[in-house]
């Protein structure tokens, strides 16, 4: 488990509001609070979201400001309240549902995939479903196999959904605002470890980050590390270590898996000629396969070697610390693999 | 919609039992009947599986032979009866559940992914869950967005599950028997169109096909078409058309997405130097991404050009025939893309 | 009711003549349910419908020519041909959508009621579903939420005795009426073949919901005359012909209502015949319109994925 | 009961001293439920348990040193360290597994009852769950199946008043007892702090189920003394301290049972003290064993994925 607080993110120069260092969790809360102030149609539904402020305390304070009519404790009925949110979204609200552990999206796939994602298309564009499904992701909390999954590959596979997967406080705030204002169902994944452990500069007040725009978190020449969510910190850490042995790594964060900014990914790899894709989801048939394929196809003639991938080991996440630590890619794994890719 | 019956599949020479031509649906039924005769622990659960023999009539006759205690009509409770099957599997039975339309696996992901897939691992290997989840897949039946999805990428992403996706009657029978005898949860996808429209040679009596062994459905020199399920027929049709213009296509069917026979895929592409992956699932973050990545990595230095992919268009499946026909890869699409890949 | 009957007969005809793609689930025999309930609703109230949805959609105000166009996959249809029979949806008539997932409307209808209460619009929503949907756990999750939050939603359970090819007694333990009651939801059973009885019960429940007194559950006992879908013709193995004949002879909602109208002197036979004639002409024209309407251009496939 | 109490106190201690990874949900205060029910079961009967599962596992026969080893992620644990606190499972004691998905045991327990009936083994299974699981629709799907097929399964609902940090009255409409009844499932409410009452009610229902008369539902009214999990220490915002104190002072299952034993002359204080002493020694030894036990080799991570 990462002990130190990672300092992550840059604010683009154009931002003119005062900038503070806040945590990933605070950035989420701030985005929610600002959007709720801005638009009375925004409501929050989930288990223990009100006084408790969720199991992760991320929503602390919202019920005090917005009241129990807008920050609503639900029964433990993930499918029930998510389905309810679909109907509420169709009829004028902008509901945000809180899926406490991302593992529980398995309980709402029917509502999200068969209902929310398809209503607009099936109605020939006549109904809209502007809702956000916030779900956590990420392991290394010793929470074992049913509370540690990163299942963002599933909704990314489904036409009609958008999927955001921020890695820094700055991105979290800007992307969450975009998600809330989007007229489509958006699944928004938040890494649990990042809530308290990742800190970074975030402007006060309003700004949004468009979906489908990757962010180059670090520029480099020799290899492109395409990383998502928690793995961006890992990639940045590895990049610093690689620097010391003379390998200059570029770190690119797609920020949304759908829409996907193929262009930025491909251009980076055209420049560096090597690519490693790192994602915390289970390794097989997940996010790394899509991103690696997009790159391998788009930068084929510039590639010096095959696009490589790192994901969570293809096992259910074990409880025991030494076992769990062997499942999620760490800086060391990235460094070793990149050295091999660069013959260094 | 394919009008003609496709004749598909070869029987390996070693088979010594009499061989008949039967349909894909008949092969499924035969596998179930033989396994139920062989092992009284095998029971079938699902909606309208008994007298009605399922919506697709695939199970017709089973209840007459095995009785209502073993061929069991359930309420419309996909999560309920799938969850029940998990417990029954742990305590001595080999249940097979029938998910009428593959779209409904969205309703059972929690039971399959959070329970069935993880029980063995979480218990340190002490409990086993020998069950089969049979689900249909495939579009082009004018069934619209909630009855046409091919969601096999989801379980393929999940450690602890095995996933079979047969394309011919021969494979269907042999793989289903393997699935039923496997001590792990297996998700088994059956293409609805193939039930009646794909016919092929199948030996009478017992044989099994091991998981994780790809089958070369057609040998060729210039390009490898990696195809799954319904797309194998499309690939074979395209290969015949390509032959006429002097392109020799090899068609490789992985048969199971997990375990995956990486070796056969990679070796084929090392030989042909070009690869196109074709799968009926939605294009993005699906099966094609994984297979293409495996090939691009394993055959990188032999590839003449990027590995290409064809999947269902990234849209909810529309009802209207001309629209639906534009969503699923057809022979023409394969031929056009391969010609481009071969500069012919 | 007559409009729905005539509509469905034409659907059957189109399908049998291989002019209609896909499948269709006919509502013939159940007309009094949709009509009795929807007549008790305001135009801007909401409904969610099912795979057997034509009757609900028409009763809520859909026009036949746009429905036929949708059923035939034409650009002019309610959903530009993208939805088809199982997905008719129309904001103009408060139709949140037919739904091909059994129980799929439960969340949506409950959510529309939530939005109505939150926004103070006074709208009620009705969730139509077959008794087969009693097997879907999400229905209980929704009833619990609706009762906790006193949402203006009516759960309209159409018990036509069969879940596809299985009698509901083989799939439904206990007493149906006790299920909503267990969640505190007010429940009433009604003869679903008696349109006036349905209307009276629905009106009372809808008024109550609109007043803020919470959700209701209507158990509407009815029967489908035809197969589960248009292709289900040999039905003997799951239900006796006599059962079908008995319902058609003794419990036909249209015949019962016509008899009542005549007995009360509200209409004479000539008036009824005239209505039938007019509706027949309307339906034939609607079919004609839909048959002639063009298919969408294949390029449209990529539109409407995202708003 | 005392064994569970002492076990849980040690869990709390290990956690507070940062010696235990992850989280733990303590069963302190609810001991009579697990003990009363499990004492009515045969060794080869089945249970499914929950995130708050230590009590169920111990009551069904698990031994403390292997449990502590599992809680600490050690190779010697029941699940080789792969499961942890929320996933203790043990075929040897009929424990189908604790489960970190609320309601996650419902299908499994019902399925074990199905297999028991199918194979004629006569085994009963008990599905333990918190009242929060009443929010999960799958529970109703399972009760419906169990009653339809007369399966020998008991749904044991532990109502400790809170779903995490939310009072159950905010999440549960209607009357809990009416829910199983709606599916035809025999239901009984019991004082969950009175181990003899729990045992009597459970015995009757288990016998009935074993005879083939179908499933049962026990509502066990109880209270957790501690936080939702070991880290939940500042609880004032969701429940008053006095409430906790009242339950501990007046309704402690161990104190009540001890008083009864003394009053009946079945045991004297010295005997009770001796038991406590012995159990304390056993628990301390078990912790000691587990603390000294080695972690699994990281290479083991890839084992046990497939059978």
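Labels A, B, C and D are assigned to the chains in the order they are written; within every chain, residues are numbered from 1.
Note that in this section a contact is a pair of C-beta atoms (placed from the backbone, for glycine too) under 8 Å apart; a residue touches a chain by one contact, two chains touch by 3 or more.
Given the structure is predicted, the values throughout are model-derived calculations rather than measurements.
Traced through touching neighbours, the fewest hops from chain C to chain D number 1. Here the CA centre of chain B is 41 Å from the CA centre of chain D. Inter-chain spacing, taken between the CA centroids of chain B and chain C, is 36 Å. Chain A and chain B have Cα centroids lying 31 Å from one another.
Chain C has residues 79-83, 87, 99, 101, 104, 134-138, 141, 144, 148, 170-172, 305 in contact with two or more other chains. Residue positions 74-75, 77, 79-80, 103-104, 110, 114, 121-122, 144-146, 159-160, 314-316, 318 of chain A are each in touch with at least two other chains.
If the chains shown are joined wherever they touch, the resulting network links each chain directly to all the rest.
Chain contact summary for the complex, chain D toward chain C: residues 134-141, 143-144, 147-148, 170-175, 178-179, 181-185. Of all residues in chain A, only 47-48, 50-52, 55, 73-77, 79-80, 103-104, 141-147, 313-316, 318-323, 325-327 touch chain D in the complex they form. Residues 46, 48, 77-83, 87, 89-91, 96-97, 99, 101, 104, 106-116, 118-119, 123, 125, 137-138, 141-142, 144-145, 148, 303-307 of chain D touch chain B in their complex.
Within the complex formed with chain A, the residues of chain D that make contact are 21-23, 73-75, 79-87, 99-104, 132-137, 163-166, 170-172, 237-238, 295-298, 300-302, 305. For chain A in complex with chain B, the residues that touch the partner chain are 103-104, 106-107, 109-110, 113-114, 117-118, 121-122, 144-146, 151, 153-154, 156-160, 257-258, 260, 281-282, 284-290, 292-293, 296-298, 300, 303, 305-309, 314-316, 318.
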